[in-house]
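First chain A sits with chain B, and in the next complex the same chain sits with chain C.
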Partner chain A sequence: MLRYILWRIAVMVPTLFLISVLVFTIIELPPGDYFESYVSELRAMGEAADMEEIAALRERYGFDKPAPIRYFHWVGGMLRGDFGYSFEYQLPVSSVVGDRLWLTVLVSFVTIVFTWLIAFPIGIYSATHQYSWGDYGLTFLGLIGLAIPNFMLALILMYFANIWFGTSIGHLMDQKFLNEPMSWEKAKSILEHLWIPVIIIGTAGTAGMVRRLRANLLDELQKQYVVTARAKGMNPFRALVKYPLRMSLNFFISDIGSILPQIISGAEITAIVLSLETTGPMLIKALQSQDMYLAGSFLMFLAFLTVIGVLISDIALALLDPRIRLQGGSTK
Partner chain B sequence: MIRGADLLRIEDLSISFAMLGGRVDAVKKASLRVLPGKVTALVGESGSGKSVISQSVMRILPRIATASGRILFNDPLTGRQTDILALSQDGPDIRAIRGRRIGKIFQEPMTSLSPLHTVGDQVSEVLTIHEDMSRAERYERTIEMLRLVGFAKPERAFRMYPFELSGGMRQRAMIALALICRPALLIADEPTTALDVTIQAQILRLLRDLQHELNMAMLLITHDLGVVANVADEVVVIYHGEIMEAGPVEDIFRRPAHPYLRGLMAAVPHFDMKPGERLKALREVPVNASHLLGTVGSRDRTGPEIVLSVRDVTKSFQIRKAGFFRRPDEAPLRAVDSVSFDIRRGECLGLVGESGCGKTTVSKMLMRAVTPDSGSIVFNDRKGPIDVLKAEGGELQKLRAKIQMVFQDPVSSLSPRMTVQNILAEPLEIHGRGTPKSRQETVVALMEAIGLNSRYLNRYPHSFSGGQRQRIGIARALALGPELLICDEPVSSLDVSVQAQILNLLKDLQKDLGLTYLFISHNLAVVDYMADRIAVMCAGRIVELAPREILMRAPVHPYTRSLLAAVPFPDLDRPLDFSASQAANASDMRNWAPQFRRDEAGEGLTPIDLGAGHLVLARRNADVRELRP
Partner chain C sequence: MTVSLPESGAPLKHYVSTAPFDPYSVEAMTAGQAKIFQASQTRLMWWKFKKHRIALVSGIFLLALYLAIVVAEFLAPYNLHTRNMDFIHSPPQRVHLFHEGQLVGPFVYGRQMTLDMDTLRRIYTDNRNDVQRLRFFCAGDPYRFWGIWESNFHLVCPARDGQMFLLGTDRLGRDVLSRIIYGARISLTIGLIGIAVSFTLGIVIGGIAGYHGGYIDLAVQRVIEVLQSIPSIPLWLALAAIMPVSWSPILVYLGITVILGLLDWTGLARAVRSKLLALREEDYVLAAQLMGASTSRIIGRHLVPGFMSHLIASATITIPGMILGETALSFLGLGLRPPITSWGILLTEARSVSVIAFYPWLLFPMIPVILVILAFNFLGDGLRDAADPYK
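Take a look at the complex of A and B:
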């Protein structure tokens, strides 16, 4: 097991290297750089740009050097924990992201817990009561949840929440707390605002998970070992949890790999519609304005989390499923 | 019959399933009994309702089934009589009976245990449910039970996962699970059907010993009359959900009264058949291959005498044993190990062996689906030899038409999205044979040859029964007019009565069309019925090859002998010699006499000719007289 983990970590290095090259290339692909778009933006507004200052900035950040050197400059900085400088915000990337990061984590984490809490009982009910009215009803609800686009749901909920509860929905907290340090009042305000993005972002995920859990569990319920468990005289519910449910969890564990980056990136479109202070809108804006250090470092961070997440889910799968741990597939 | 004396008494049991088109009656007014300490066998073909009855006894029927009637269980421990059907579904009363007073083992040892839990966990769980015991006591009881069912190292088995065990060992674990609470009744639903013959003999012996030792009754559900004759005290025959005949095993076997039972007995191939004797299928298929002769077949048996010559083919698979987390096993597994044989024109060569012996790999190599590591395969066409392993392009295409295959599983070997017409015409289209009109004629002739009405050509495979599908598979193999037909377990997934039908069809076609067969099977009786010469495979090698009569009457190799000894006969006068089926593995070379083993110096084994085409694998320096037992 240890050998395997070490080997997997070793494999991560070339993977991340390839991703970093890709990220860098993609960011460099559009013509020009941040300063060019900055200058043209200034010109469009009728203001003159101080070309000397721009040139000095360019030199300072190495924009006049060839691409490979800039690449190593960027990667080297990241290895030292220096994620570069956001030109747009005029701040180091770490402090730009840091502010929003924990809010994103909060929203995503609550969303995931919400998804699990709702999806598991419904999925189990649907599978054990296949083709009953309850199953049909819940399936119908789930399909609606899958089919409605998030931003649309966001708009609808914003409207009704405003009419019914009088809450102003945009943002994750009342405007007055926006740049305030953390306080009791601020935390309360955040909790008040949290439920709407959680419901909006979580609906599709919940519906999808119900469908998958139902399908996986239905497959397992047909299996012979379920009959064996019944023939032992086991309590049906305990038998369900111990055997088929446990077997149908593999898909769920594999999902952990993709959950980690999701936690950080947040649901971008919903976040924009609701103007949430999460990282999603920031990433999109950075990509638009070619704020390369911000965008690049952020993408790298997501890639890193994906790789780690996949590793974690692989290890968890091996721990939970002895077939993966002990049984090597024979190669033909 | 005194009522109180029966352990289990089923009265007027009817079971029906709610289906799309209404209710389907699976069991109609069935009555049977199980005496305490005795074995009652419930015999029937697939779909006869025998498994459904066994499920209803424990109330583990699928949800769409409803049962009426009475199932009376007299618990000898309390003396109380319970009507199982009157108990509430999954209530505490029925759960107290399940696993504690009635145990059950299933057909598929592969799937009837959870792969995620250890054997010990699953076996001792029964104790957790029913007995008030400490953890240490449970462990002790489980270990004791595992030893009783034949685990040499029960402590080790306790910690193993089911997929780490062989099929026979898994079935033993299942038996331990069913018996750990010492139930009064054991329901065994086809307990040995998925196992090899030698393992089957061991499991049957184990079941019989345990049944005596624990003094329990057994309801044995099976389709195999050989198993019934060896184990049962009473027999109940069921057909289409109705009980046809019931009585002591003596009466049933010596004086079968019902025509269905008599037909069933005549349909089973057995070793004492005279040459040329035909099986009597319950429903015989009229074969008319005369039209086929003009298009694809020919009665012409001329040509080189040896159709196919296989020399020293070897194939190794690298097994990533315990891949992921453990060191890979260095030594590759030799699935096929220097196998040589010839197939003569017009004969049927039988290839027998237990699962995993490499017989299917051999057939795949002949079809070029697997490439051997070394060796040669030559196909002698009428126009000259073709090297099977090197043929490319047009030559390979020609070869494909000469060698065709009939597969084991009639369900998955026919595409469910093609009509029979498409299935049968496809080979002709691929090989560009004839015009659309002549192809149509061939397809009709093929249907005639397998005894199916050409009206059915536009149907899809799902509307045919297993036997009919297998016939369609045979017709497809015949479409191109092959010279050699490889039949890989063509009847092993079919019922006895259908099996006889398919075997007779194959025999007739061989005679009419002058075909040559390689007939692969694990069932010795079937091979005996079909083959002219028989090759026995074990662990990748052909250990013995002889004409049919010699191999059956005077087998030399210890593996062949234990294989023959393990076949249960549907004949009360020829009981299985259970003492011969020792717990040891028959295919384990260490149990063989020294002249058949590889010696310490690594001296190889070689086929030794005993005369009359009888070859046996033994040491090079072994004396011929020494080999005969």
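Take a look at the complex of A and C:
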């Protein structure tokens, strides 16, 4: 088991390396840099830019050096916990980002739990009552959830929450808690606001998961051991719970790998619409103003979150399913 | 009695029936069975596909939509950019058939606008005396068909000096219905071009990885893993943000399709690779190799056609993701830019809660988005079932 975990962690390293190269290339691609757009913005407002100061800043952050050197500088910094400097906020990236990372993690985690809680009973019902009205209805409902763009759902829910509850559901907490340290009151406020984004982000992922769970469980239910059990007179409920359900539990955990990127994507868009205090709104601003360290760190962080999520799901799967554990890394 | 034996070496005389003989007489097939037995693969697929009712309906719906966008100018009652300054944020008009108990055919009532001086909102009321009959196959807003031919021929137009805003107007007094019809042209083609890009990439990269195996395969798999582990929307955002502002809208449109396609090929490449890994061991591949066929010919001519139907089915299922992606990007202001109009651009108008409260008809573009995505999902399901007709 330990060997398997070590092997999985070792595999992560090249993956993260490639991701960092990709992210760096993307943030380097646009012509010009933050200072150039900053200077032109100043000029457009009729102010003179202090070219000397800017040249000094350029040199300080290594903008005059060739790309590969800057890349290693960036990656080396990240390994030491230094994520670079946000030019727009004139603060180190880590202090700009601060809480937002943890809130993103929180929203994603709660969404996954929500997705499970919804998808599991529906998936089982759909598979055991294949082609019934309930199956069709639930499948259709799920498809609708898949088809409505996240951001529109966010807007519409926002509108109805305004009418029905008279509350503004934007943001992730009451504004007075924004820069306060964590307290019970703040946690309560976050919990009160959390359900809306969770529902919005969860809808799309739930639909996909129900479909896959249904297909998976259907395959399992047609296997001979289930037929044998039923033929011997085992009660259908026990025949379902004893093995097929446990098999599909494995699938549930391994499916994290495919829904996690989707959830994080959805979380970004929803966060922008609802102006949540997560990474979404800041990422889009950083991208637009070419605040490269901030944008790069965000992208890197989101990718890292996904990779870690998949790692956890793989390890959990290995704990649950001996077939995976025993194969070890040899099949790669 | 003498037994006359034939001479040695002479052929034996024996009874031969002259009645016609049917070797399949034991297991005779009915006409229906014979039809299935002799049907080609495409025919079998079609039969199987036809059984999936919703998929068939979805397919017809999508086909109709794609035909409609060819003649969008003709179908839309107004032009894309026609502004009706007297009718800003006008709510949808209803089509009536009867006026005061008499049949007059489809018509709308004229509108009168008053300004509420307290809230400064425009209030539109139907003028019950002003019956404006709709005209069909009529001359209306002039347009350039496909940007080439001048014309003013429309399927339906408002009465002369009248208005017809079946889905209301936006903040510049532009007809929402016409804009949805024009927007379909962009939104629907973006999925197709995007899928063409990802299809090509998927087959080429997946094909090479699967056929050669070894180190190439390993490298490709790593790259696929990386791309799949990055959440797509942040990556799309990043890629869309690097498109220079100086690009023309048409170039941005192409750029967005390429971006959508660039990140989407991984799933297809995986499917192609795993199929090829199995198929390359087949004898017919060896035969082709011995005859000196090049790698690209073996992959393209002998291997890929064998599971093309599966690929098309799985590609259909990824189109909705692209349409949603474009909508999301445009909505966030990083996608297409006006004057190019897509459903995503139209939805940016409905960006705030106050718009939804006051002008809910600006949400109409959401309906075609949902319908198209549902239709592609159903069609994909049907195609996937039909792709393997022997099951």
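In the analysis below, the second predicted complex is superposed on the first by the 265 of 332 C-alpha atoms of A that agree within 3 Å, B and C clash if a C-alpha of one lies under 4 Å from a C-alpha of the other, contacts with A are read in each partner's own complex, and residues count from 1 in each chain.
Methods note: a contact is a pair of C-beta atoms (placed from the backbone, for glycine too) under 8 Å apart; a residue touches a chain by one contact, two chains touch by 3 or more.
All figures in this text were calculated on a predicted structure; none of them were measured in a lab.
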{"item": "Chain B versus chain C as contact partner of A:Glu268, first or second or both or neither", "value": "second"}
{"item": "Chain B versus chain C as contact partner of A:Val39, first or second or both or neither", "value": "neither"}
{"item": "Partner chain(s) touched by A:Asn162 [first = chain B, second = chain C, both, neither]", "value": "second"}
{"item": "Winner by number of chain A residues touched, once chain B and chain C are compared", "value": "C"}
{"item": "Partner chain in contact with A:Val110 - chain B first, chain C second, else both or neither", "value": "neither"}
{"item": "First (chain B), second (chain C), both or neither touched by A:Gln288", "value": "second"}
{"item": "Contacts of A:Thr15 with chain B and chain C, given as first, second, both or neither", "value": "second"}
{"item": "Partner chain in contact with A:Leu57 - chain B first, chain C second, else both or neither", "value": "neither"}
{"item": "List of chain C residues in touch with chain A within their complex", "value": "222-223, 225-226, 228-235, 237-239, 241-242, 244, 320, 324, 327-328, 331-332, 334, 347, 350-353, 356-357, 363, 366, 369-370, 373-374, 377"}
{"item": "Chain B partner contacts - residues on chain A that touch it in the complex", "value": "1, 3-4, 223-225, 227-236, 242-243, 246-247, 318, 320-332"}
{"item": "Chain C-facing residues of chain A, complex", "value": "14-15, 18-19, 22-23, 26-27, 29-31, 143-144, 146-152, 155-156, 158-159, 162, 261-262, 264-266, 268-269, 272, 283-284, 287-288, 295, 298-299, 302-303, 306-307, 310"}
{"item": "Touching residues (chain side chain B, partner chain A) in the complex", "value": "55, 58, 60, 90, 94-100, 103-104, 106, 108, 111-117, 122, 125-126, 129-130, 161, 163-164, 174, 177-178, 317-326, 328, 333, 370"}
